[in-house]
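Next up: the structures, one after another.
Next come two complexes, and both contain chain A; in the first it sits with chain B, in the second with chain C.
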Partner chain A sequence: MEIKVRYFGQLQEITGVKEASFTLPFDTIGSLRAHLITIYPDLKNINFKIAQDNKIDSDLSDLNGTLIDLLPPFSGG
Partner chain B sequence: MIMENRYQRHIQLSEIGQTGQDKIKKAKVLVIGAGGLGCPALQYLTASGVGIIGIMDPDIVSVSNLQRQILYNENDIGKNKALCAEHYLSKLNSDVKIKSYPFALTVENAAEHIAKFDMVIDGTDNFYTRYLINDQCVLLNKVMVYGALYKFEGQVSVFNYKNGPSYRCLFPKPPGKGEIPNCSEVGVLGVVPGVIGMHQASETLKIILEIGDVLSGKLLCINLLNHTNTIFDFEKNENEIIRLKKLGSVIPIENQDCFVDFELSLTQLSSQEMIMWIDVREQDELPRVTHLNVVEHPLSNDVSLKIFSDFEGKIIAFCQTGIRSKVFVQKLKDKGIENCFSLKEGAKQLIEWGL
Partner chain C sequence: MKDKIKNIFVEGAISPSKIAESIAHHQSKTEIGAHNIFLGQVRADQIDKKKVSAIEYTAQIDIANQVCHEIREAAFSKYDLSCMHIYHSLGKVYSGEICFFVFVSSAHRTPVFDSLTEIVNDIKAKLPIFGKEFFEDQSHQWKVNQ
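Let's turn to the complex of A and B:
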């Protein structure tokens, strides 16, 4: 199954891309996070949330969505 | 002037009517941060006839604010934002009772001020105040209307609404130092806070009027570059709420943020440090500080960069009370000089400190 991953805010600068597709299987949200950190080590320092199919989920949840969004906190005002 | 038609376009709406307009008149809203988010939110809420509006901001208007903080003009540079906003908004609508608080929200004063209002609009530009607002709103059972931005993107949500999730349910812990750049380091398209601040005003009015769907348990993410508006659902984390309520006070976090990061107190300095002191007062102001390391550079003079650019120690500006020195430091920062700070105290305290 192919998943589409979209990066929000400064995560676009860290990864250098706005979105990417993955065909690797991931059991959980946490395993996707771990994989992304191996590709982009700087992601390790950011406490971003991960949403699947528009629902923010915990790292322990099964990954069964196809649209994955990575959401960092914003500080500006 | 006849004002009886003032809210006619509200009253004409079947969802509002005179009953709804009366609810708006009874509402009490505190806007914390009168910057990019606060300005548009304040203007619309004032125009809408919200009964009591509080404006809290310790900051002064600087020239680099004018690109997006649309309440202010060039004559306001150097003036406190809460006081300026009060001045303009009371002219916009004399029905509204506007109360300015020209100081920062702190652990000590948060409960006292938030308790006086029904809800809080978060117009801050830093995590420290945002978590403080969240924690105090949870403890006092007040709604928090959240907005934040990054470059061309923004987030909006409503926390603590009818027992709904809080900011800590979404992001339990503040980011570590340097993890997320603070506002003075990041550019932003001027209209982004406008769009987000108006969403906050809109949620506030819907909550007061009890109409529509409130963004509780939902994070709205807006990107103005590609027109995407996405709503993400998220759940309440009972542990976060229980932790706060058990503690009975805000969870302390280190203040490492934006609008305070260029202020320094004498208590934070050691006499061994290499410091260039800049006296930004006019030359007839007393007491004079006579010392080898003091450069006199009145605020009214054009900034001369030559003396600052090669200096490797700390550049610390002072005046009588720490207000004009902030304006001066902002000017230096706008010109790309990084190692500059504003002294919280004044010349008198500096002499007593031993310079």
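Let's turn to the complex of A and C:
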């Protein structure tokens, strides 16, 4: 299964891209997070939430969505 | 109140005339006796002798609108409100301009005083909106909410 990962806000500066596709299997959101941190070690220094299919989800949840969003700290208003 | 999900986002600054128009639209709703309005304005923060000249906002729009919808529904069930309008800017908003507008109305003052703080705080805490603060020399930093 191919997943699309989109990076928001300052995460685009850390990764140098806005989005990327992955075909590797990840069982949980946490395992995807761990994989992304190995590719982009600077992600360790920032708190970010992960959403799948437009819903923010926990690292313990199964990864079954195809649209994954990485969301750095919110600063609206 | 099962409204469909509204898009709160507008491109660029929210103009004072849009705010005035929004107030005027309520003159026909004569059951209303109290309005309360929050306006967020881009502040020219000074950091290490550099001044913020603008904030560029981006968002995960689908999630932000969904979460805002939930905040709206929760406020309508908790407080006796007649109506509520929420707008947030996307893109660049310069210092001194309005980037965030929340407008609540009710028959009486207590619900609008009590609900507005909660709605504004919830939106700032829960919506995936990201502010990039530009300084006058075009360098930038990422906004952190207090």
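What we mean here is this: the second predicted complex is superposed on the first by the 73 of 77 C-alpha atoms of A that agree within 3 Å, B and C clash if a C-alpha of one lies under 4 Å from a C-alpha of the other, contacts with A are read in each partner's own complex, and residues count from 1 in each chain.
Basically, a contact is a pair of C-beta atoms (placed from the backbone, for glycine too) under 8 Å apart; a residue touches a chain by one contact, two chains touch by 3 or more.
No experiment lies behind these values; they were computed from the predicted model shown.
When both complexes are overlaid on chain A, the residue A:55 reaches chain B and chain C alike. Looking at the shared chain after the overlay, A:45 reaches chain B, while chain C stays out of its contact range. Looking at the shared chain after the overlay, A:30 reaches neither chain B nor chain C. Once the two complexes are overlaid on the shared chain, A:72 sits against chain B and chain C alike.
Overlaid on A, the two complexes show chain B and chain C touching the same residues of chain A, namely 8-10, 49, 51, 54-56, 69, 71-77.
Interface of chain A with chain C (complex): residues 6, 8-10, 49, 51, 54-56, 69, 71-77.
Considering their complex, residues 33, 35-38, 122-127, 130, 147-151, 153-155, 170-171, 173, 175-176, 179-183, 186, 188, 193, 219, 221, 223, 230-235, 257-258 of chain B touch chain A.
Residues 40, 57-60, 62-64, 66, 88, 99-100, 120, 123-132, 142-145 of chain C touch chain A in their complex.
Residues of chain A touching chain B in their complex: 8-10, 45-47, 49, 51, 54-56, 69, 71-77.
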